[in-house]
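You will see two complexes here that share chain A, one where it goes with chain B and one where it goes with chain C.
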Partner chain A sequence: MRLPKLPAPPLPAALRPKPPRPGTANGPVGRIDAAREAGTTAVDWVDERTSLSGGMRWLMFRKVPKGTNWFYTLGSATMFAFLSQAVTGVFLAMYYDPSPTHAYESARYITNEAFLGAFVRGMHKWGSSMMLILIFLHMGRTFFFGAYKYPRELNWVIGVVLLVLTLMMALTGYLLPFDQRSYWASVVAVNINGSGPLVGPYLADFLRAGPDFTATTLSRFYAIHMLLIPGAIAALIGAHLYLVAKLGTTAPPWLKAEPESDLRTTEA
Partner chain B sequence: MNQGEKEEYLRDYAVLKSQGKPFFPYAVAKDAAMAAVVMVVIISLSLVLGAELGPKANPTTTTYTPRPEWYFFFLFELLRVIKPPSFTGLAMIGIPTVCLILLILLPFYDRGPERRPERRPIATLTGIFVIAAMAYLTYQGANAGSPTSIDLKTPPAVMQQGPAVVAQFNAGRQVAAQSGCLACHKIGDNGNDGPGPPLKDIGTRLPAQAIARTLTNPTSPMPPFQECGTQGPGQSAVSCLPPQKFNALVYFLSHLKSK
Partner chain C sequence: MDDPKHKSKYAADRHIPGAFPGETVTRRRFMTGSVHAAGAVAAGAFTLPALGFALGPVFQGHRPHWEDAGTVGDFPIDTYVPKVITLTPGIGEVGKTTIYMRKRNPAIDAEPSRWFNQIVAISTRCMHAGCPVRFVPASRRFICPCHGGVYDFRGQRTGGPPVRPLDRFYTRIVGDRVEVGPRFSVNSHLRIFSPRDPGEPLDGIGQYLYPSRPTTRKLKGT
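What follows is the complex of A and B.
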């Protein structure tokens, strides 16, 4: 039996219980619900301040033409190989010392003593071969599928520059272990560079840091290998990807768009 | 491509694209699978083949034969096969530079609307030819012996003196090739022109004894070549040759004469 409800005591307004706020009829939000929504809340918080969600939606939910096959994964695989090189490179840089007196010793330390050092160095060495193979395969796919044609000309140009930068990475990285093989191959490579027309001698002098292969050459190769080219590659990969997302990946060349009448019926 | 062809392409592409699937998750899944394959291959290569570390770099050795990484073999082989001096500059810089310029400008001279490889016979065949040529040069470069062999005919004056002398001349030629002389000297069509003088006719300019003196006590930056055991108190045995090889080298050089 319900007791008759007593009238509310005549309290001042400030002490009276507040009426429930609209929308909270189901009781207070539980902790589980709050935790469940935390992620959304955080993303919303960031999105409210950056408006990134539109860009992400544009990037991730754009359509890829039908007929896209495994050949179209070569570009992202190349980028993945580059990321692998970046990560293993960071770990190698933790132990490497780019001075001519200590370079070989630190490379020896990495190879023989550091924890997993030989493994990481092996990954970096073979990753470079892998990256070049993938970049050539990706370029071959683009070439034979005619994917460099209108409107993607600029992306081809960026891609060729990326290829050249990758080869320069291979060249500058080859010297760093500072063993006989890397030293002499680099001497020859720089000399070949020096015999080039116009800029050749200047380029060789720049690479060597002077007319001869000296102590400064190694640290110069190291800075180019560690800072200059990776930065350029990362920036150009960004531009390359932006254009891919903007223009769309090509459909295989043998696919023809079906007549518009079919399209109309399927859409209806 | 003219304006009409461009518009036709964009129209067709828009239709094909609208019939496709979203990038996420379909293409992302494929890319992730491929990335996993790449990772597995890199890790296996690292575990199976590893990365060797040779002896420490020694700028004073002169007998080391430089070998580039395998993906530069094709370039290396290109430089090796083209020996005549008038073509060397062309081969070293001309061919790679021209190829690179052609590569980078490809979309600007190949402007036809056709994209199917079998309907672009010139482009497809050129592509196949370039790949085959690079594969061939890489293979040749990988199997090349010493890249510093001296390709030179034995002079008739030496030939006349009988097989023993010819053998010594050839031995000296081999020592010269293995000692890295060609890095700085030109002998006939072989080697780099400079910083050292060409040695094609060194025998006419210097007598054998002067050549031997120059080898043991050269002008910088040329490294000294010594007979083993003859170096003075202050000199280190950085690059000593057994007396037999040293004599063969001197003999070879002193018989390089202009006709």
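What follows is the complex of A and C.
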């Protein structure tokens, strides 16, 4: 049994669609239609002035090879780990104070007193390990699927630079809680840098801002961790994604290339 | 002149409108070049100072700083006394470090007696990776908790990964008081070098691979 259709609710005159004027094909749009189409209108307004939609379509609606599977999501997972680090990092910076006398106290305040502080700090701390694990899994997928080969060598190189930058993030971030463990771990890390021949001593001086670990070392690590490397990582992720979209992804190595069906018929 | 294989270097010969006689660099090229140069100057104007600002501490000299550590009578001849001194003034607890001090003992200390080693002051930084070592009186050895570096009573390596003996500090006796000065490094023969970082060997080729920096020299005449 079909339910009877309910009559339309009575609308105020201003909202009622007006009859089309003679000579106009579609007629003027009523306010209700305009409201219904507001989203499309806004997107159209931007697109008319930027032509972004073509680029978005190029980036997001790509053809992927047969056999694409869950392993192909490891790169996106790494990117989301980076975004999570960026967002939690920005909010941690609202409470953190990079001075040797206040750093430990502010980290303690975040963990023990700030609302959701332990949670956000925990996300940042465990997220850094997660990001590195995901990077290595993504790298392993690329290696074992042979996705680093021509013409994708440059993307492999960019990926390795991203890996090194992420390791530098882990190193500089480790000092920031400024407890005994992070202090001595950073002392050891800088001394390992110093043991490189010829340039090592100068590199260690640069990292420490002088021959000894001082207050400037902490603010230096903080600036590198907060500003220098995140910007470089974001820019290189952009280049990495551009090349992925430009070159396309590879099929998994266990799939054999199928000759086109019309090619087969012409050969026959 | 209009031979397409051999373009003339003169702009006028290449039929460029408005070329002066004898002009070789066209105004378009000159303009492009000067815009690039102006851009390079503008970029350098903020990059170079910023870089210098970041690299400055590498080239900044440090004046020797002497600190009182007690009277001569405080220091025994057969064991070490820990003292806390300020390595980097002005930054509070972070700038302090523990050092171990004793009187020079001619029966053990084979290196020549000099004005700065009448009181032996040993740094607690392990020469493997810079962890803090502690002196264990029972075994008369310095032991590092991080990776198992062991040094004998004179600070010379007897086991583990360290690459050279423990660093030392200059000391001087002013009247009855003992003052501790800058740090210096030694190789396995206790020859004196300017202060180096941990992990940098000073025997053989090591002293050239890890050069002395102009900002941190050993004291003159030592």
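Throughout what follows, the second predicted complex is superposed on the first by the 231 of 268 C-alpha atoms of A that agree within 3 Å, B and C clash if a C-alpha of one lies under 4 Å from a C-alpha of the other, contacts with A are read in each partner's own complex, and residues count from 1 in each chain.
Simple rule for what comes next: a residue touches a chain if its C-beta (ideal position, glycine included) is under 8 Å from a C-beta of that chain, and two chains touch if they have at least 3 such contacts.
The structure displayed is predicted, hence computed values, not measured ones.
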| item | value |
| --- | --- |
| Fit or clash between chain C and chain B when superposed on chain A | clash |
| Which superposed partner A:Thr216 touches (first chain B, second chain C, both, neither) | second |
| Which superposed partner A:Leu255 touches (first chain B, second chain C, both, neither) | first |
| Chain B versus chain C as contact partner of A:Leu52, first or second or both or neither | neither |
| Chain B versus chain C as contact partner of A:Asp205, first or second or both or neither | second |
| First, second, both or neither for A:Thr101, with chain B first and chain C second | second |
| Touching partner for A:Leu227 - first (chain B), second (chain C), both, neither | neither |
| Touched partner set for A:Asn191, first chain B, second chain C, both or neither | both |
| Partner chain(s) touched by A:Val160 [first = chain B, second = chain C, both, neither] | first |
| Which superposed partner A:Ala42 touches (first chain B, second chain C, both, neither) | neither |
| Identified clashing stretch of chain C versus chain B [8-16, 44-52, 62-70 or 98-106] | 98-106 |
| On chain A, the residue positions that both chain B and chain C contact, one per complex | 183-184, 187-188, 191-192, 195, 197, 200, 212-213 |
| Complex contacts: residues of chain A adjacent to chain B | 59-68, 70, 72-74, 76-77, 80-81, 84, 104, 107-108, 111, 118-130, 132, 134, 140, 143-153, 156-157, 160-161, 164, 167, 170-171, 174, 177-185, 187-189, 191-192, 195-197, 200, 212-213, 248-251, 253-258, 260, 263 |
| Complex contact set, residues of chain B against chain A | 1, 6, 9-13, 15-24, 26-28, 30-31, 33-35, 37-39, 41-43, 45-47, 49-51, 53-59, 61, 64-72, 79, 89, 92-93, 97, 100, 103-104, 106-108, 110-117, 120, 123-124, 127, 131, 183, 192, 221 |
| Complex interface listing, chain A residues touching chain C | 100-101, 183-184, 187-188, 190-192, 194-195, 197-198, 200-202, 204-206, 208-216, 220 |
| In the complex, chain C residues that touch chain A | 54-55, 57-58, 60, 62, 87-88, 91-92, 94-95, 129-132, 146, 195-200, 209-211, 213, 215-216 |
